[in-house]
Amino acid sequence: MSEKLMTMTEAIERFVPDGSSVAMGLALEPLIPFAAGHEIIRQGKRNLTLIGPISDILFDQLLGAGCVTKITAAWVGNVSEGLGYNYRRATERGEPHPITVEDHSNYSIAMALLAGALGVPYIPIRSLLGSDIARDHPTMRPHNSPLDGTPTLLVPALRPDVAVIHAQRADTAGRAHVWGGLGICEEAALAARGVIYTAEEIVPPEVILSDPNRVLAPGEKTLAVVHVPGGAHPSPVQGYYNRDHASFAEYHERSRTPEGFAAWLKEQVLDVPDRAAYLERLGVERWQALAIHTHLLAAPVDYGV
Amino acid sequence: MSEKLMTMTEAIERFVPDGSSVAMGLALEPLIPFAAGHEIIRQGKRNLTLIGPISDILFDQLLGAGCVTKITAAWVGNVSEGLGYNYRRATERGEPHPITVEDHSNYSIAMALLAGALGVPYIPIRSLLGSDIARDHPTMRPHNSPLDGTPTLLVPALRPDVAVIHAQRADTAGRAHVWGGLGICEEAALAARGVIYTAEEIVPPEVILSDPNRVLAPGEKTLAVVHVPGGAHPSPVQGYYNRDHASFAEYHERSRTPEGFAAWLKEQVLDVPDRAAYLERLGVERWQALAIHTHLLAAPVDYGV
Amino acid sequence: MSQHAPFDYTPQELMVVCAAREIKDGEVVFVGMRLPLLAFALAKRTHAPNAIGLFENGLVRDTPSSELLLTMGDAPNIAGAEWATRTGALMGLLAQGFANLGFVGGAEVDRFGNLNTSYIGDRAHPKVKLPGSGGGADIASLSGRLAIILAHEKKRFPEHVSYITSPGYGDGGDWRARVGLPRGGPAAVITTLAVLGFTADTHEMELRSWHPGSSAEEVRANTGWDLRVAPDVHETTPPTADELRIIRECDPQGFWTR
Amino acid sequence: MSQHAPFDYTPQELMVVCAAREIKDGEVVFVGMRLPLLAFALAKRTHAPNAIGLFENGLVRDTPSSELLLTMGDAPNIAGAEWATRTGALMGLLAQGFANLGFVGGAEVDRFGNLNTSYIGDRAHPKVKLPGSGGGADIASLSGRLAIILAHEKKRFPEHVSYITSPGYGDGGDWRARVGLPRGGPAAVITTLAVLGFTADTHEMELRSWHPGSSAEEVRANTGWDLRVAPDVHETTPPTADELRIIRECDPQGFWTR
């Protein structure tokens, strides 16, 4: 089992080339890999296709930074605040440059990645029939079921080049425990050609192997494991820290204008070397306010033989 | 949340009517609900359709007892010993009566139940193409993908009337924790119109809700919860007891002839009122020999907020 | 209480109460975000203690969250859930017909209950790009009944939405069956001014009740077509003191309700 | 060693050794049951320490089980797995092309490597009803290479199997591509008498090596058609003392190997 632990810089340099398709924000509001996203911005990646269900401001940040030419998602904005201004500027005015958007619903993006994970060409669903999402989508197509003639919408398999997933803990061989809200993390990890895990903790293999039902995907899918405490802030990590609602509000205000966003980006991303510096900038007090105040341990489970 | 705890007698009487389709043995070799199967035999259920991936002698017993008219499965026999003699007698000589067999593979039965769980009409797979399983199956059909014209085999959704699942622990509201080898338990629980859980332990709801990622399916799917310690013997239950290999060997020998099977059935099922009496018959010494000798606890998980 | 009610609550609080009233006891409710989160909590604590909540991030809850939620993925919404699974598995239950009722919001709703949360204006060069469907289009496609919540402004009630994100009744009548949707359709539209429903045959929107302080005339004047009025149209029953107390316990800062 | 070898090991032990030799280091192997379980353990402890094992009950293991397994679902095979998931998810990886090599057993194999584990004789009134596919048909359909293990008896080697449970090369040539199978096909047939392979063009079975104590003649006499013989046919390299020691450590009672 090869060693997959590396720095964020190396992981993004090696496994997120310009032009690649990158699945992120797969657990919906929690576990969003902001630290990885910010490193993508710092490295000036270009022509990325971003894939995800909803994206709680991370996609908006990558759009504003000019890294993205295509969005394949069900929702892009700021969940607690509303619209994403960079998403609006990109789609309405082509700023900083035009992008293409492949609209999905949360069910259709989940089924597209599930089809990729299952190695099947498509999954025929009965949602979105009659919607303009189905009408305008470049690859979904209506098809009457050969079994009974009823209408279905074929959702073609989607296989991202890489999925970036923030996990509570991982080992250096690339196996991770992820818990809480799971969203489409598993479908994406299995459908992707490879996975980058960013993790709150790096633990010995025996910790991960002590609970194989909790492992997200086999280590053979893993490209890199990066140790990034706080790597999902301002999104929450079950059992580690809560959502920093104020950061989402602040981003909403400051990203209203291109100039405001540019200043935010310089201050929060470009002038910040890494996540440790980011958390230092955030300040101990604010960080501690997000800390877990009530620990809720899962009941013991015995895999004994 | 309604109370769903009841006796095995009541659960089988109410929720496994003659002629129903029953999914069992869904974790493959472990967690086979033998106690429930034996109660089905004692109640003399008839014209059942049994659905499962493989069946490690439980299906053979139900066939020999005359409960079954149809098998929808990938494999029926005795995993550590080989063939199932009642399955042979039923298919080769129509004894005790003729049955129909819908052959599947483990992947196709999983996809049939997954399609039922996802509410989609079918899943198009690239396995079994050119096989006689595909040629002879009454409802699977070859179909070139409308997306790229490549051959696929459409596996239609399967929705059992009831899934019977043996769990390590459940609460009286019908939520269960199942761990270890999972097989197609989840697909079947979600595809079935209802679920009967037989459980090693009945625990307070807070134990189950302490680990929502470990819950197999929502309680609203549950018809009944039955407390049956040892209810999976001779199959194993991770963390509770190991597989009783000798019982499978003994069954193999004794079921070789119809007379031998009849004697086995009388002794092991018909003359045994319930699982407690069954375990008493088995004997403390033999039962203790199957006990967990090495406890292997899963690493702690915090759902804290 | 009721004659003073208009001064005792905000429009959002009344909308939460109207939304809660759509939930019948024992129903499985696809909750979604914002006001419906409070409506679910309110219903559970009043007339629907056995209601079950579904969330598109993969959650099933038989109890409301212990804390105010700004997102469905906040840690308190996951702790104590009865099931936390994959979005695909949860949406599969929705596709099976597991949800009796679903809630969605929107920027625009039209005469036949079609919702737009994607593009205002031309799809290629939109005047406003909205965030998109999320799970809304699925909830609208697959729930047994749909309740829509939005602010009542003329621009938000065009005769035809510029983009159908979440299908309502299309162009009316049996459109849903014709396009292959397995069930459902909008049952209620809850706005800042009124509660509206849909006629049984043509599935056209109609005014069911105006909120205290508003009127049928004001509602029709703020609707982008000649809105039908139900024969039994009446004033919306205002919130009770109990309902308001519970809402304010759930949202003490008024994040969603002020 | 080799001249005494025939007396030092059982046919099953030699088959385990031959099966292990099919596993290359670092490969992902769909293990299945019985002898391949031992072959996987042997390969891991000798030339293929980085091989990964897949099991159709949803397991991925990077270490062999600590105890002898009578079934893949035995508790020791699950404890310490690197992934224990749903059969559907695991089979999905197989369908993606994740497995380099798969193992299957069978009751009958024919000239083009098609396997029957379902019906001997007429499907409607079979002479013998075998247990069926299990995951075998999927492993044969979707693995990068397939290794088949069975006893070498004439009745088990008919020119055409009476029922194709697990597709080999059909009627030969490019049949797999024609029927739409995405990859793969049998690479080796390991029997009690020999190791056989398949020709590159017609995909017809051919003798590659006879086991010590057997001969090309004996193998051909126990095969139900005029079996081709590879130009470089030779005697099977017998097990080494190390290989036998490891096998006997894994199966001290000889449950699978005696």
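Chains: A, B, C and D, in written order; residue numbering restarts at 1 for each.
The rule is short, and it goes like this: a residue touches a chain if its C-beta (ideal position, glycine included) is under 8 Å from a C-beta of that chain, and two chains touch if they have at least 3 such contacts.
All values derive from a computational prediction rather than experimental measurement.
Participant: Strictly by the touch rule at the top, which chains does subunit B share as contacts with subunit D?
Facilitator: For subunit B paired with subunit D, the chains in contact with each are A, in label order.
Participant: Determine which of the two chain pairs, A-C or B-C, is joined by the larger number of C-beta pairs in contact.
Facilitator: A-C is joined by more C-beta pairs in contact.
Participant: In terms of CA centroid distance, which chain is the most far removed from subunit B?
Facilitator: C
Participant: Between subunit A and subunit C, tell me the centre distance in angstrom, where each centre is the average of that chain's C-alpha atoms.
Facilitator: Whole-Å distance between the two chain centres: 28.
Participant: Return the distance between the CA-based centres of subunit A and subunit D, expressed in whole Å.
Facilitator: 41
Participant: Could you put a whole-Å number on the gap between the CA centroids of subunit C and subunit D?
Facilitator: 58
Participant: Taking each residue of subunit A in turn, which ones touch at least two of the other chains?
Facilitator: 111, 118-120, 125-126, 150, 152, 179-180, 182, 186, 208, 213, 238-239, 242, 296, 303-305
Participant: Among the residues of subunit D, which ones contact at least 2 other chains?
Facilitator: 59, 75, 78-80, 84-85, 88, 91, 94-95, 142, in rising order.
Participant: Viewed as a graph of touching chains, is the assembly arranged as a line, ring, star, complete set, or other?
Facilitator: other
Participant: Which of the chains are touching one another, listed as pairs?
Facilitator: A-B, A-C, A-D, B-C, B-D
Participant: Touching subunit D in the complex: which residues of subunit B?
Facilitator: Subunit B residues touching subunit D: 27-30, 53-54, 56, 73-77, 79-80, 82-84, 87-88, 91-92, 103-108, 110-111, 114, 125-133, 136, 150-152, 179-187, 235-236, 238-239, 242-243, 245, 296.
Participant: Going by the contact rule set out above, which residues of subunit C touch subunit B in the complex?
Facilitator: Result: residues 28, 50, 52, 59-60, 62, 67, 75-76, 78-85, 88-89, 91-98, 142 of subunit C touch subunit B.
Participant: Flag every residue of subunit C that touches subunit A in the complex, lowest number first.
Facilitator: 33, 56-59, 70-75, 77-80, 84-88, 91, 94-95, 118, 123, 125-138, 141-142, 163-167, 170, 175-176, 179-182
Participant: Could you please specify the touching residues of subunit B with respect to subunit A in the complex?
Facilitator: So the residues of subunit B in touch with subunit A come to 111, 118-126, 139, 141, 143, 145-148, 150, 152, 154, 156, 168, 177, 179-180, 182, 203, 207-208, 210-211, 213-214, 238-240, 242, 292-305.
Participant: Considering the complex alone, what residue numbers of subunit A touch subunit D?
Facilitator: My answer: residues 1-2, 116-120, 173, 175, 186, 190, 208-209, 212-213, 215, 217-220, 303-305.
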